[in-house]
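Take this structure, written in structure tokens, and hold onto it; I'll ask about it next.
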Amino acid sequence: MNVGVIGTGAIGTDHIRRLTGRVAGARVTAVFDVDTARAATVAAMAGAASHREADDVIDDPAVEAVLVASPGDTHADLVLACIAAGKPVLCEKPLASTSDAALKVVEAEVTYGRRLVQVGFMRRYDGGYLGVKTALAAGRIGEPLLVHCVHRNVSVPPSFTGDMSLTDSLVHEVDACRWLLDQEIVAATVVDVPHSPLALPQLRDPRLVLLETERGIVIDAEVFVNARYGYDVRCEVVGTTGTVALDAPSTGVVALEGGRVQALPMDWEARFGQAYVDELQAWVDAASQGTADGPSAWDGYAATAVAEAAVASRGARTKVDLAERPGLYSGESLP
Amino acid sequence: MNVGVIGTGAIGTDHIRRLTGRVAGARVTAVFDVDTARAATVAAMAGAASHREADDVIDDPAVEAVLVASPGDTHADLVLACIAAGKPVLCEKPLASTSDAALKVVEAEVTYGRRLVQVGFMRRYDGGYLGVKTALAAGRIGEPLLVHCVHRNVSVPPSFTGDMSLTDSLVHEVDACRWLLDQEIVAATVVDVPHSPLALPQLRDPRLVLLETERGIVIDAEVFVNARYGYDVRCEVVGTTGTVALDAPSTGVVALEGGRVQALPMDWEARFGQAYVDELQAWVDAASQGTADGPSAWDGYAATAVAEAAVASRGARTKVDLAERPGLYSGESLP
Amino acid sequence: MNVGVIGTGAIGTDHIRRLTGRVAGARVTAVFDVDTARAATVAAMAGAASHREADDVIDDPAVEAVLVASPGDTHADLVLACIAAGKPVLCEKPLASTSDAALKVVEAEVTYGRRLVQVGFMRRYDGGYLGVKTALAAGRIGEPLLVHCVHRNVSVPPSFTGDMSLTDSLVHEVDACRWLLDQEIVAATVVDVPHSPLALPQLRDPRLVLLETERGIVIDAEVFVNARYGYDVRCEVVGTTGTVALDAPSTGVVALEGGRVQALPMDWEARFGQAYVDELQAWVDAASQGTADGPSAWDGYAATAVAEAAVASRGARTKVDLAERPGLYSGESLP
Amino acid sequence: MNVGVIGTGAIGTDHIRRLTGRVAGARVTAVFDVDTARAATVAAMAGAASHREADDVIDDPAVEAVLVASPGDTHADLVLACIAAGKPVLCEKPLASTSDAALKVVEAEVTYGRRLVQVGFMRRYDGGYLGVKTALAAGRIGEPLLVHCVHRNVSVPPSFTGDMSLTDSLVHEVDACRWLLDQEIVAATVVDVPHSPLALPQLRDPRLVLLETERGIVIDAEVFVNARYGYDVRCEVVGTTGTVALDAPSTGVVALEGGRVQALPMDWEARFGQAYVDELQAWVDAASQGTADGPSAWDGYAATAVAEAAVASRGARTKVDLAERPGLYSGESLP
């Protein structure tokens, strides 16, 4: 399958590298980036054409499917163009900058009549999360009541501002919990917590967020993007008869100088690199059949809507005002 | 040191067994219980006298120190009587049923002029909590920002009603966090979460509580007294440069039928049995010098005040209205 | 790259599935199996031709590289034919049934003058083993002195007989240790241990083997192919200042009925599935450049020679009689 | 119970501190040490008399039981004197410098007709070992086949010479395995392994020892007394249907600078401090009834005999030449 890639920054280039060298059945044949020099370099590396406009990638007759990895505020329009062209598209999160814009994507896809859009929530392809999902589906812990989440990054660049820890980081917890629990999140509250003096002043970091699902399950999520010590993602679901939790991934234990040390990943590539490969493989497999796998436009919309409610909450419980879910998305999950 | 024990129910009898067989320097010489038959049996076992009234234990000239393990609503008056008699007393938690009653104990002790009262917050003597305290004191994780606590019991008896998961269970987290962080808790909020269908209907179980310290640190605490699978107490302090957490205690790993299994304790005796012994030893050592160790009347008062605020909160942030801390309690911790 | 696969049993079919659906840059175009019906089915599935003889796969002009997954006693001749045809070949372990036969492969490749042969020791591509290798290379534990290995299978089929736990299972430990320590194993001793009554009587199971490297490091390896409870592979290297060990891979922790349970893999696919994919990707990448990656014919020869010494040892320390290592194999490892 | 202590070096003083401050029912009333100044200091601290000769402690009419913590070569004679005096005695390991001397103690106790002697194998009182014992007794892993042991110290003083890693360290593994498996060890082999350049030259360190029980179970034990990184004791019993292992004891997990760190104990006090207290409590309880608990003179004899065989083995399997076990020791364990 010939893939066109829009956006050849760090994430786009990583995806191209994976599509070219780690995934079966795909070839990158066209790319675009506003940084034309960078696009040219990446195109040469991948043996792809470098186009002048993002839309040229979508319209390129040789391109069978599109991967969108440009800045977040360009996502919705590009995905709409892909739908208009009838081409499968994998869109990095977020699907759109606002829930309104995301809803337009949902509506366009519903009008088109078949799923073309996959959103890049790669955690659904992580072995750890899949293990939690399997345990829940098997009823091993009874009925879920609570979820405890932690999302810690070592640090963020100065470009990371304002509420991005909610709109860019927390959305992963939102999608993961919706998927694990198979239900919508209907309310969000951001609790006031102290700001780390080591975080940039324009951020509120860490954040503690309470989320509530349609059936009343409460999720507490710590998002801490300047945690310094490592990239640490945790999730424990507490049920009526037991709990299930992500385990720390491991690449060995070193016993040294009075301690037994498990190395921690320092970034998402180390933690979720394999999940990205598996996400891309699943996407290529589905897109070559003209459709999409896993997280849908609806999932992208719902995650954005929850993040919006969290941003608006300022300490008070805030309802998530979700549209009605179209039948197109009433697949195996989230009835 | 001759000890008189008031209350020979399960906890009182366990304490007598420890004082008699596991602790150096103590002898149980007098007991009282409203169940006089039971008191007589226990007295015979311990080689102690069985008195007709609780006050007779306190007034017994041979008794040098008193251990109070009777029902919670009797605690404050008995401790006041001990102070009046000038005898060191270890009082099981809670120190009193209300913060007003607890404050009266504080005032009486201040008037007496020396610490006589120790409250039974045994976690301060647990190796795991001591390890967390040591790491914090050494500054290993920078400045604390957040604390995540979990307190799960297998189940509770039918006598466990209403808000006891706040007044009887949560108080352990309250005391542990005050001690670990060396600061007062000034606000509490109980968040609405689903009720476990396996818990007795008169309870709200689990509970999710947010606590806030005087310097703004936020503590989230899950209290789940019908967790079924085990007795599981966890605590992770998140700091600016790292985190420190209680580790699961272990009595071996069995690899069996597709899993590696770490046995969990099923009750507090299995989890904190050694902490109780160490608590009693520290108390006997201090009481034989005419004073007390560790958790003070002030700590008992503060824990009760925070639990009261939590009970009153009904989902809204509720201030803890603490009295001013007397100089008597401005020792090494909580300046 | 067009790949021909010889042997379409369980392992061969798994490899075809991975080459087709998980690896970039490969296509299976020809297959052979003595079970012609099975070969035809697999060929149809993969869109490949089904040949009448194994040699027809090697000689097929469209086939650019060959994967050998037929029974072990056919390996050496097939690999020799690949070398004669100048085609890269990935040969499942063992490279040959005897060290003499393996040495002939080495000699043929040396005569050919370039590495064409890769042997299927997939552990070198496992994230856990790579973590141990990295720690050793970084000198984190000082100088290695001892290695403790465990290799446990749930069970083996009745076809697993005699000394196969040495020639088929232990060879993985042999290769992993040679690679981790970067030195040859020069002696082997099988220690008498009790036979498990649950293992087939024709086996000696478990086995305890002592191996000795050229610089005197001692490796003890338990091989237990009827361990029942799970597929459990462990390796700890003990150095002068610390130790480094494989960690248990994990897909989540379930707390249930008095225990905290980490699920164990039950077979090599669950444990090393990703390592097989990564092995194949590395092979495809190298073979498309006309050469091979990782474990060489020499490594296959050395592993077979050590297993032979182990079989011969009968409780007495037995020297491994290694040929001199040709310059072709004096790459980055094993100077 | 009035206890006399012979030997007030580090271990003796630790025991006195525990008997005085952590154990119920004991009082140290007499001490002796060849270093009379030290003995006087310790005596003053404990409120005990300081005697001129070791035998004076034993003969002191006020002394009801004796604890022997003097150098190992004095043990046997002192224990014999205690038996002659009919006084219960807790003897630090080893019971004697030679198995012949130990056997004389056994014979004297048999003649006396009742157990008076307890040997200081404290691991039998450790919660971790007790968990392993319980799992074995419950048949959770089927029939034991193999045991893997590790015994690592940070370092040893220059006075630690020659074969002491066998006679002083390995004996703990010998006793623990005899007790866990409930059978005698009948053969020992020390395998040649490289010497750590960081260990004193007069030692062979580490050691790898193979032990064999009367029913053929094989134990491999690494003893490494200059392991540098921590005090690390491990034990895994491999059975027909599962395995059971000591878990690492923990006092908290710190996540810091790219790693999750479990602190390791650095010495036996940190690792087995509580086991020593529980051992002493059990001894005081038994001795006050005129007898002994746990490890017997026979156990001390057997451990010494196995260590002797190990020392003599020099790489060859060496039989342990055990005397016939007297009926006095045919209690609940080791039929």
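In order of appearance the chains are A, B, C and D, and numbering begins at 1 in each one.
As a working rule, a contact is a pair of C-beta atoms (placed from the backbone, for glycine too) under 8 Å apart; a residue touches a chain by one contact, two chains touch by 3 or more.
No experiment lies behind these values; they were computed from the predicted model shown.
When contacts are scored as defined above, which chain pair ends up with more C-beta pairs, B-C or A-C?
A-C
Relative to chain C, which chain has the most distant C-alpha mean position?
It is B whose centre lies farthest from that of chain C.
Hey, how far is the Cα centre of chain C from the one of chain D, in Å?
43
Distance from the CA centroid of chain B to that of chain C, rounded to the nearest Å?
Comparing mean C-alpha positions, chain C is 57 Å from chain B.
Return the distance between the CA-based centres of chain A and chain C, expressed in whole Å.
37
Any chance you could list the residues of chain C touching two or more other chains?
Residues 229, 241-243, 248, 255-257, 262-263 of chain C touch two or more partner chains.
In their complex, what parts of chain D are in touch with chain A?
Within the complex, chain D contacts chain A at residues 229-230, 232, 248, 255-264, 266.
Where on chain D does chain B make contact in their complex?
19-26, 127-128, 130-132, 134-135, 140-141, 241-257, 262-263, 274, 281, 285
Considering only the defined contacts, which chain A positions touch chain B in the complex?
Going through chain A, the ones touching chain B are 142-143, 145-146, 148, 150, 191-194, 196-198, 206, 208, 210, 215-218, 220, 222, 224, 227-229, 238, 240-243.
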